[in-house]
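Here the chain labels run A, B, C, D, E and F in written order, and each chain numbers its own residues starting at 1.
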């Protein structure tokens, strides 16, 4: 399969075992994850030739993060080593009406303080077919923005398709900062992923009275929003996931894709959640794989939704599923019968 | 916040990991818990100045029990040390239609064989605003009853509000024994917590054809019962939780409060259960906090029900939630969306 | 209670902890299991005098398998020791729409390469009341078939009731091989357990448009099928479980029994699944116990269904429940209230 | 091999994992053990037909204790069920100069409150070749003494060889109580195991300036002591282990046997300790096996010392070693080379 | 016992289980520790009234650190809450010739960025008898130095004895920076703890050809060094531990104290190491307790050395031993015999 | 660094946690390992460009084995997928005088049944500098021998240096079979690793009265043996490790190298063992790295011995150490002082 590049931060995830709270636990489960790294692992799993670009400290914790990517077949040749530290996020998994909690400790990480010169983007994007980034990398620091911008330029120069998952993070920047930065990056983007709140906060597009908490999402409403955005930014596709949050244990899950002319609202899944962190990233990677390998946007979206529905049943940030498993679910088998 | 005192037994809880049965496991998870200790920890968590009064053996297992309380901010100054042993309960967590099992091994514990002289109740209740006990302490032994009675007298002398959770335990005493003892304690009680079965067995109040197993409980029925009891005992409030037991995994949960004039039936929650032991105690502590800090019984009850709904999602006896988490749920957000 | 014999393979089961996937885990949980061994343990648990007959390698892993049976009271006197290896199956537990996966590594096991001479069937079946086998043992090897046939002959000679759970396994043999072998064994069988697919593949009975995945099973349809089969094979009873696979986490569960004249469709349970492996075997053992101790086929079936519903909540292959627990559920208490 | 009976208490052992202290741990490792149960398991492991006689509560914790014995092949037919509780001991494993700590919580256990009538000693000792007990059982209660006495009488009546491990426990009785009781039991004993302190405290034999802590034990000194004792009590053999306690991690280990005429001081081992609890019991079982199967007391003792040296490397109370492993060590191979 | 104050940083310690390396592990064991916090816990354990002063982030990880101190009886009233993050150190435990590895990630911690105004030192040192700090706090930041200086001034104003453990950390500052800062703090110090390397790097005192790696330390040499230092700084005592590092598993351990007139070299212990992190802190706390409660410097030092020898056998930073355990070892019992 | 190829079997290693025995454990720790895979990982760790060649089943257990290699940077491009199963070995870790036990279950593995055609040796050995194999691969099956022979031919054709670790395994073949096969492979070998027993059994070279168990090995004796062998086979170097097996916990460790003219006996280490499996392989990889990068055979050997001494302190088959760590030890620092 084809070469894909993703760029961003991979963090050490420290999660409490079972449903224990932060103040109860004596051990942390270790995973490594981050939006673009999660996309990289998932695409490597689907057989693509994936390179993850980042910077990690030159110590054994940084090495463990590199190993976590190599383990699942992601190329780490372009991960610079150096800087102060690896970013961390602490995760406490919720249940029923108790939400999961995330505490970030990511300031001053190696990638947040990396230089554009740490990366040889011409080498990185040579023969590359697809480049994916998220709105998190430009948010982590001024340098993060500069690196993302350089990467976008290089990607376009090498004729990559570029996808962006907006992922607005209020703890990293203000809406003003976000809109200035993200609007500079949008010209490079072919495929945009983002819900209404992301679009409003990252780009300045105002959503109209949709209460996402309640789940009364409307595909048509999204289609209208996306049609406008496509007119302005010339995206090929705009895509959003529609999460219905009944509780920390049960969610509804579907997605919508629009090309500015017509939209498709995918099949909807009822999910019993094991680990929902990385759900959005597994959707992005499913979508990228779908758009690279299926002939229609409808199939691509169905693959992405099935893939990300499965992610919610897998511990850790990474979506460790095969194409075959996703396709079985896509075709309608939700029976969960034992595979012998 | 104000000084609160609870008195009773804290036991070593030995529970099987996951859903394993007693005969399968090679390890026990360790927690410490008991009705009044659970109330103490929860109130300390809400910021109150809480003292737990008990007696524990003067060995390192007793010390570990003391530490489990200190860890969560409960004052242990008035825990006497000595006696033979700490009481134990073994817990096997059920799932679906398989119920949880509890095996008690609590006879001959230090608190069951403690003397009234082990405690300086005048010092204990100085400047105390609230005293809480349950029907378990008078049930564990004759001395347990005497200590409870002395504590009630001292609490009243120091103008504490007194709450009692009836908690009838058929393995500890007969209904005859219970009724004689509990009726001696009722004159000291301002806030009574108990369901119909407790009221009947502990006090002699006969419930009328209510099948608690099926969940067809009626608020009005409770109000009538409570109105009569308030007339007789001059309680300020009578309160009961209404558990609808669909299975060991799923319960409905609400509560009713009556002041003899009017009643309030709280919001109802559907709970996916992680650990339901201590659910009633988390309700009692939520109620005490609610009555101490909110201006209406309705708010107090809503706080108590939300707090105890959350408890069902937390491993161990203790309800480790913050006021803010309870209030978020009280205000209606059951979405369980990740808190970043 | 009476002597019961089961014969077959017991395997080392290596399962990933929690919901982790094979490629994520650093540890395996160890259990031992296999259709006939699972039946043996469950019957020993109900108080029967059970002998499990098999062959295991003469090393400490083989010994651990023997010990796993002794631990739960199964007699292991007739387990031959020797051969190359113990069969293994790897298990990854699914959740929601992600199915559980089983990878078998059972070829060349000691029992698959055992000789008829390894077993003294006259001694084994002396004073035996019931013999149980499954369609797996004749499938594992030619020798497995020969041993099963010899056992059937001996069992009949000693006037045992014989039950067979068809359990067609497509990875072990073809339908042609299965039908030749199984038809040779049917004359010895009194109680047959099998769903439509089993009957078709193992015996050549063709099911009519029943989509088992969807759960739209029809008792009447089964009754017709079973009536025909009873005519042909002179079974006393034909029995089938009806699993409705909503997902890997939630199943509906009931069963049907027919004596060729009338049928009974049991109560139906909604199950939240902890571990469904061994569910069918727990049904078989429940049925054997039921037919040995209750006076009607209806009660026997109700016991079997309740017993196997409970199994789905217990980790491991073995159904570690007591008669009392099954009977409580049989009588309708699905409340899951804590047993103190 | 021959039938052997041991009688005593089996306790639930709750130990902290690794080298954690009681106040640090969140889990307990579960084992079951007790002097006579440990001897039973070890002898079953050597192929003897062993029955352990005791009483355990009729709950699932009692059942788990029964299962722990069955798992290793001990017959549990004569374990009475009933009474209040299983005795417990808490264990914290030491290291280097930090000693292991044991906290007992064994009062009021089912066996301590058992009646002589709970046991049919005629059935128990039928065809029995050897009976083993320790000084712990008569110490746990008056009833414990009575049961032990009855057992000794019945054992002698059935021509068993009787062995006793003195095991004086200062927390269970005074030296006065011990000496009265133990002197009543000595007439039945053929093989006595005990160090100087045991002999002094349990029987009234005064040791002469031997500092056991320092390890300067003298075989000749023991021989003299034993010769006197054999004259008085007509023992066949007196045996003692000689532990040199350098630290909680390193011990020297040997033993001496005397028949009143000549003595033999075994080979001495330097042991790196994994778990020394049950070390003395593994010696007793090794000695019993040795005396039952070897032709000389020297070989018997060498087997016992090698067996118990190996026990110190195995977690839990039970000595899970084979005759072959012990004999390899006996013959001098301490190289610890990997067995492939 | 008397009030003691310690001031400094408490970090989250993330250590690999067993002897696994950073790149192997999937879980971290959680402990909290730091020089002055370790001293606080140990002194609380000896019964002193200890306050630990620091600043921690206002999130649940910060709360867990607070709880770890409360659990062992340390008062946390003066821990300010706020700032960005808790400092972290990663620990990989070595064995044999493989050393333990520590990776620090402590920059930007709440305490490193705290203000002098975060602490009310007059309240803190009211009725305080002893103040302890280390050379780490002034090294973590300029603000850390200022806070330490203010604390020293306040401590002296309230007539506390002041002890300082030099603990030079080359990753935190240069020798030049250290010497300027530490020389400003020395006038407040009564008891100085530091080995030759610390004295040279922190204060500018040059050691003479002592190869600490080899363990050929000389008490007399230290006495001379300390005598000079006492002349200059007017310390009451200078103290140093003498570690002989044979390997990561085995160390020799003793200490020397000098009052400028005479010195005492303590007993020496051979230690089998479980966890040597916090060994120096356990010495400091033992010394403080010793000097506060024994009448001679010799006894104080012997207590400190025995206490810290024991620490090496306990997992985690904290020295969880009782006075009684230390005194038993002090009196010479290194036998490690089981305490029943 | 340069391209290196190793060829052989990688197995699933299932080991009991801590020092538990096979019959005690409820979980297995998972590692993957095998002589040539271990060498590959270690060389990748030293920065070489390493390819491991083998065949693994096309299931998720096979994938996990592939991932275990990728994780540590080994290229897995030439691992064929298919066949029946992955070989397994069960490991029980010994302590003190109790040896570790290995139970092999490796027959019928994918690599044992692989074809020469599964591998494109011309592609594999293109630009390769070094090829390493062991005597295990030709022993596992006739096909294993053929593949090894083909690999040797191709390696020589591409001018690789070839090393062979004899590793005679008596459970895989007879000495006759071994000698026929290995003598066919020797002409391709430049560097031979093997102790006396290996040389005798694999090649027919008779050792002279050396009791390897006792550790009285003599360098001179080896030099003589090696000189003869070099004359016959034209090896460049012959190398042997000298293990002194004091117990399963403590070993002495050194090595000897001879070029037929002069020999060098390395420094000797006393090792406290954590996991000795893979010790020999870590020596082989250290030697290969040493001979590829150092200028003298003495330095190469010292590197190899230090590297493999360190391996004994690391759990699992793989030697996860850096060049820097090995060189620090090589230079004499065995102090094990904490690296901060």
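Criterion: a residue touches a chain if its C-beta (ideal position, glycine included) is under 8 Å from a C-beta of that chain, and two chains touch if they have at least 3 such contacts.
All of these numbers come straight from a predicted model, not from anything done at the bench.
Novice: By the touch rule set out at the top, what is the minimum number of steps from chain A to chain D?
Specialist: So the least number of steps between the two chains is 2.
Novice: Any chains in contact with both chain E and chain F?
Specialist: Touching chain E and chain F alike, sorted by label: A, D.
Novice: Which is it for copies chain B and chain D: same residues on both faces, with over half shared, or different residues?
Specialist: Looking at both copies, the contact residues mostly coincide.
Novice: Distance from the CA centroid of chain A to that of chain C, rounded to the nearest Å?
Specialist: Computed from C-alpha means, the inter-chain centre distance equals 45 Å.
Novice: Averaging over Cα atoms per chain, report the distance between chain B and chain F in Å.
Specialist: Chain centres of chain B and chain F, defined by C-alpha means, are spaced 62 Å apart.
Novice: Which residues belonging to chain F are in contact with no fewer than two other chains?
Specialist: Chain F, residues with two or more chain partners: 21, 23, 26, 67, 72, 101.
Novice: Using the definition of touching given at the top, classify the network of chains in this structure as line, ring, star, complete or other.
Specialist: other
Novice: Taking all chains into account, which pairs touch?
Specialist: Contact pairs between chains: A-B, A-C, A-E, A-F, B-C, B-D, B-E, C-D, C-F, D-E, D-F, E-F.
Novice: Using the touch definition from the top, list the residues of chain E that touch chain F in their complex.
Specialist: 18-21, 23-24, 94-102, 104, 169, 171, 213, 245-250, 276-277
Novice: Please give the residue numbers of chain F that touch chain C in the complex, ascending.
Specialist: Contact set of chain F toward chain C: 14, 17, 21-23, 25-30, 59-61, 63-64, 67, 84-86, 88, 90, 92, 101, 103, 105, 107-108.
Novice: List the residues on chain C that touch chain B in their complex, please.
Specialist: Where chain C meets chain B, its residues are 72, 269, 271-274, 309-310, 312-316, 320-321, 325, 329, 333-340.
Novice: Considering the complex alone, what residue numbers of chain B touch chain E?
Specialist: Touch residues, chain B against chain E: 67-68, 70-73.
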